[in-house]
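In what follows, subunit A forms one complex with subunit B and a second complex with subunit C.
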Partner chain A sequence: MRFVDEYRNEAETQAFVRAIHRRVTRPWTLMEICGGQTHTFVKSGIDRMLPDSLTLVHGPGCPVCVTPLEQIDRAIAIARRPEVVFTSFGDMMRVPGSSTDLLSVKAQGGDVRMVYSPLDAVRLAQKHPARQVVFFAVGFETTAPANGMAVWQAAKLGLENFSILCSHVLVPPAMEALLGAPDNLVQGFLAAGHVCTVMGYEEYVPLAAKHRVPIVVTGFEPLDLVQGVHMAIAALEEGRVGVENQYTRAVTREGNRPAQKLLGEVFEVCDRAWRGMGVIPASGYRLRSEFARFDAERRFDVGGIEARESPLCIAGEILKGLKKPHDCAAFGSRCTPEHPLGAPMVSSEGACAAYYQYGGKG
Partner chain B sequence: MCLGVPGKVMAVTENEIGIPMGTVSFGGITKEVCLAFVPTARAGDWVVVHVGFAISAIGESEAQEVFAILEQMGQLGELETPDP
Partner chain C sequence: MTAPSIVTPAGLSGLACPIPISEYPHVLLAHGGGGRLTHMLIQKLFVAAFANPALAALHDGAVLDVAGGRIAVSTDSFVVTPRFFPGGDIGSLAVHGTVNDLAMCGATPLALTAGFVIEEGLEMEELWRIVQSMQAAAAAAGVAIVAGDTKVVDRGKGDGLFINTTGIGRVADGIGISPGGARPGDLVLINGPIAQHGIAIMSVREGLEFETTLTSDSAALHGLVADLLGAVGPAVHVLRDPTRGGVSSALNEIAEGSRAGIRLDEAAIPIAEEVRGACEILGLDPLYVANEGKVLAIVARESADAALAALRAHPLGRGATAIGEVVEDHPGRVSMRSRIGGTRVVDMLSGEQLPRIC
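For the complex of A and B:
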């Protein structure tokens, strides 16, 4: 089922789909990193218009999906504390922890609030000096400058009652982990457009050279996606490796310098556990020691929490591009968006939820 | 999650610690947006906004086209987030 029957530039998009069909001479496997791109591929039906010999696998670029279960449990433990106002983007509210989710904590009387921006959480802290306001800081490089700026402003304002539960992850180390794995199937990448709006694409150049792959920085509209696929396929067919930029209207090689400067001031790179992928070296941000007093994990002593994943869920293999949602025995039966066993079914940007809603290509 | 929504800067101010802020209109919905990462933005300019922060400048016609497609794809839900 195609959910969107018409979209802007459909004729041009179709022309690129035909061009891709003409260009492909052998089987290729491409991964789009970003969950937003996965969503658009599946919702627009483009994945089903592409040649059968071209396999699209869906990467780990959904922050909701890769946030470890333990971290969800820590969020829930903090949100249950009577002195806490727990704030989060809407996406994280329904993610099940080991026993409950943030929305249920709210229903049971916890002060859990959805915010549009991390600065909304800072304002809440200013407004309620007697309460502890905690923000669930998830996201990739696109979101990290915003969350970092919230901490930076809280420091400037001298706020003692603001902290973040920091779960930031970085894209290039995850790509490195995928490409370096012995069972890797991915031959080319569509890199995430807005991550590169912030970071530029310099750091992808050595990655592409080392692993001999094309990496195409790609936007989010259907036309962007087919153009990105076309560029990646052309590179593969011609045996070219390296980084190309489809999303020139929003991405420059050097990225957003003021945002990068703020990131460097507030965060430092650390090892981080990814749900389904395990610990990836140097793949996340934590607060620098100058800002460590804003770290909710220190403030609320939730470090000892451990959690166990459902043995049925194959989220890890899906996030690595080794399997598709249809390959999971629980998909659509024991695991649905209403009763998700794993995070890719929870977030609308998760591959499993997208396939469940719109019927992705098996 | 990494959604960027284009909007028009209606007015530019500074917050209490001197950070540039803008009132940005997204098809009629207005939000206070931090302009620290696009400090050159002025009233009348268009910017791409992610979780309340401008992350890049964008041309007007392109901005309107992108906004239309996001609307069509049903990806503007976060703008409806009520004040906490």
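For the complex of A and C:
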């Protein structure tokens, strides 16, 4: 298949792996931001091919994982209401809230539906004017334009029965928080390629300069990842800092301007709580006041719900790159995909799910 | 006639439900997904309650000694939505599914029964089309539908139509297929490209319609299996149709049942471009996507070439190929050499595959 097979070429991937082995002279710690990148590392077995002195830690780039527990509880509270059709991407369905998850709400009679696009939720609202259709708007800058477009469309159509539970988060503030933490271990980053297709990589330039790190915008296929690692290692070995772009086939410096314009019209930046990381300043989107009537949190008055995460789950430390799934006492025993304690075990981008499913390197 | 000996689980009726209520107070859709939860439900609840030697084999059907011969029995229920999909419908699927379960026991299907649970309000015309399709599939497969049952439930208490089919078949002498029969050194064969049925169904599901010329692979496999057994009979150690839960769940069950490891070669697994593309877009792993016209055959290595030749000579086996081998390493587990030369575990699916966010 074109645009896939080229980037899963064994000979070229192995050539980069050998080049990485030749280049590395001392221990380095790299973080791949995106959970999709984590999954490719583990699923294709690259993690077992890289030098032992190179530590890959897995970043916070799994939107399902970083959505805090109270937000899941809010989703569940809304989904239980008889007048609501609660729609979500599939990933979110199995994520445990304080007492249950969305699939269980469905099993108990809640109208919970999986959709493949937020615009499907808008169509549902058109089709069922007597029902309240709510979409769980989770995701980074990558998914925000489509979700913003759904709200924009709903406004244009004058829909009174559509709203979103807005849980959007932004990557650069999270990287700033990681790099600014006293216990930070990360020396270089593979930035999330798909986030940069929308936002470009301008905003990473000051971050790299301030914290003296290399940041390589990287794709998601095996060859992308080994090339990204090679670029980051070369920069570290040569003492270079700054932003480089591995994912040139999709990412430009300025990004997707029309998408950014839409984001600016529908959303505004706000402080947001991240699972295990606390509130990070200016790290999320909320609906602008012109669109506030589409905010499900207000419409259903669930803003007051609070929750406490399982003390056994170390999702926060995993999302900050301080620990790996194998470091968790509950991994594979008390926490499995059937009985998850935290979101990283059930999300398709979660680090714990990748290690559990594909047997990641300890 | 020797009836299968029934072991009555002593005092089971007085015991608590073996799946702790605290973990699953309600049945979830994932309990029917063909992955780990299905496995757990069957093992802990049904097998525990019905325990007997024929059931304990945990094969697609049971093989019973009857009047000096061996008879295979299997049953399957069909709840597919939508009821008509590219390449088939719930009627033809209900015939193929049970015929294939019998074929996986190495049996020649003899007869089927059909039970219909119909929701009040189903269009008679649609029911007629489905029944016609069942008859056509049964005739093509050379089996008769010899008994049936009809129930109509109130509107809202069923999803249009559910069909159960039960089949019996005869197992020839010298055929020794069991889910625990895989031995290190054996090769894993499949008769063609994977994941077609699941993706064809998804392409017409509400909310996800995408344009494709893809059709379900739904087909009756007993003719293909008969040719295979005719060519290399005793060298065929295990047969399995990778339906719900896909190739990975079927192979995990075989590895577990045989206490052997299975190693797949990702580059060798046949998959149509369109199916691969759909899986890439939706974030699905084709190894977990359902098939309805595929058979996994675990065959002694020295007979593998003859087995492949027999499969390829049949219209349903033209794409037959070896996708892996049975190994001594990691007993009970399935691993895979990735396209780029790495290694990973191929685990049984937990719950259902859910399309990702981004």
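Note that the second predicted complex is superposed on the first by the 355 of 362 C-alpha atoms of A that agree within 3 Å, B and C clash if a C-alpha of one lies under 4 Å from a C-alpha of the other, contacts with A are read in each partner's own complex, and residues count from 1 in each chain.
Simple rule for what comes next: a contact is a pair of C-beta atoms (placed from the backbone, for glycine too) under 8 Å apart; a residue touches a chain by one contact, two chains touch by 3 or more.
Since the model is a prediction, treat every value here as computed from it, not as a measurement.
In the superposition on chain A, A:Lys43 makes contact with both subunit B and subunit C. With both structures placed on the common chain, the touch criterion links A:Tyr356 to subunit C but leaves subunit B unconnected.
Of the two partner chains placed by the overlay, subunit B and subunit C both lie in contact with A:His194.
In the superposition on chain A, A:Gly90 makes contact with both subunit B and subunit C. In the superposed pair of complexes, A:Met175 makes contact with neither subunit B nor subunit C. In the superposed model, A:Glu10 makes contact with subunit C only, not with subunit B. Looking at the shared chain after the overlay, A:Leu69 reaches neither subunit B nor subunit C. Of the two partner chains placed around the shared chain by superposition, neither subunit B nor subunit C is touched by A:Ala232. Residue contacts after overlaying the shared chain place A:Met31 against neither subunit B nor subunit C. Counting contacts by the rule stated earlier, residues 4, 8, 36, 43-44, 63-64, 89-91, 113-116, 120, 138-140, 142-143, 194, 222, 349 of subunit A appear in both its interface with subunit B and its interface with subunit C. Contact residues of subunit A toward subunit C in the complex are 1, 4, 8-10, 13-14, 36, 42-46, 48-49, 63-64, 89-94, 103-104, 106-108, 113-116, 120, 138-140, 142-143, 194, 222-223, 336-339, 348-349, 356-359.
If you check the complex, the residues on subunit A that touch subunit B are 4, 7-8, 34-36, 40, 43-44, 61-64, 87, 89-91, 113-121, 124, 138-140, 142-143, 145-146, 149, 153, 156-157, 192-195, 197-198, 220-222, 249-250, 256, 258-259, 262, 347, 349.
Residue ranges on subunit B touching subunit A, taken from their complex, read 1-4, 15-17, 19, 31-32, 34, 36-39, 48, 50-53, 55-56, 58-59, 62, 65-66, 68-69, 72-73, 75, 77-79, 81-84.
If you check the complex, the residues on subunit C that touch subunit A are 23, 26-30, 36-37, 40, 207-208, 273, 276-277, 280, 282-283, 335, 338-345, 347, 350-351, 353-358.
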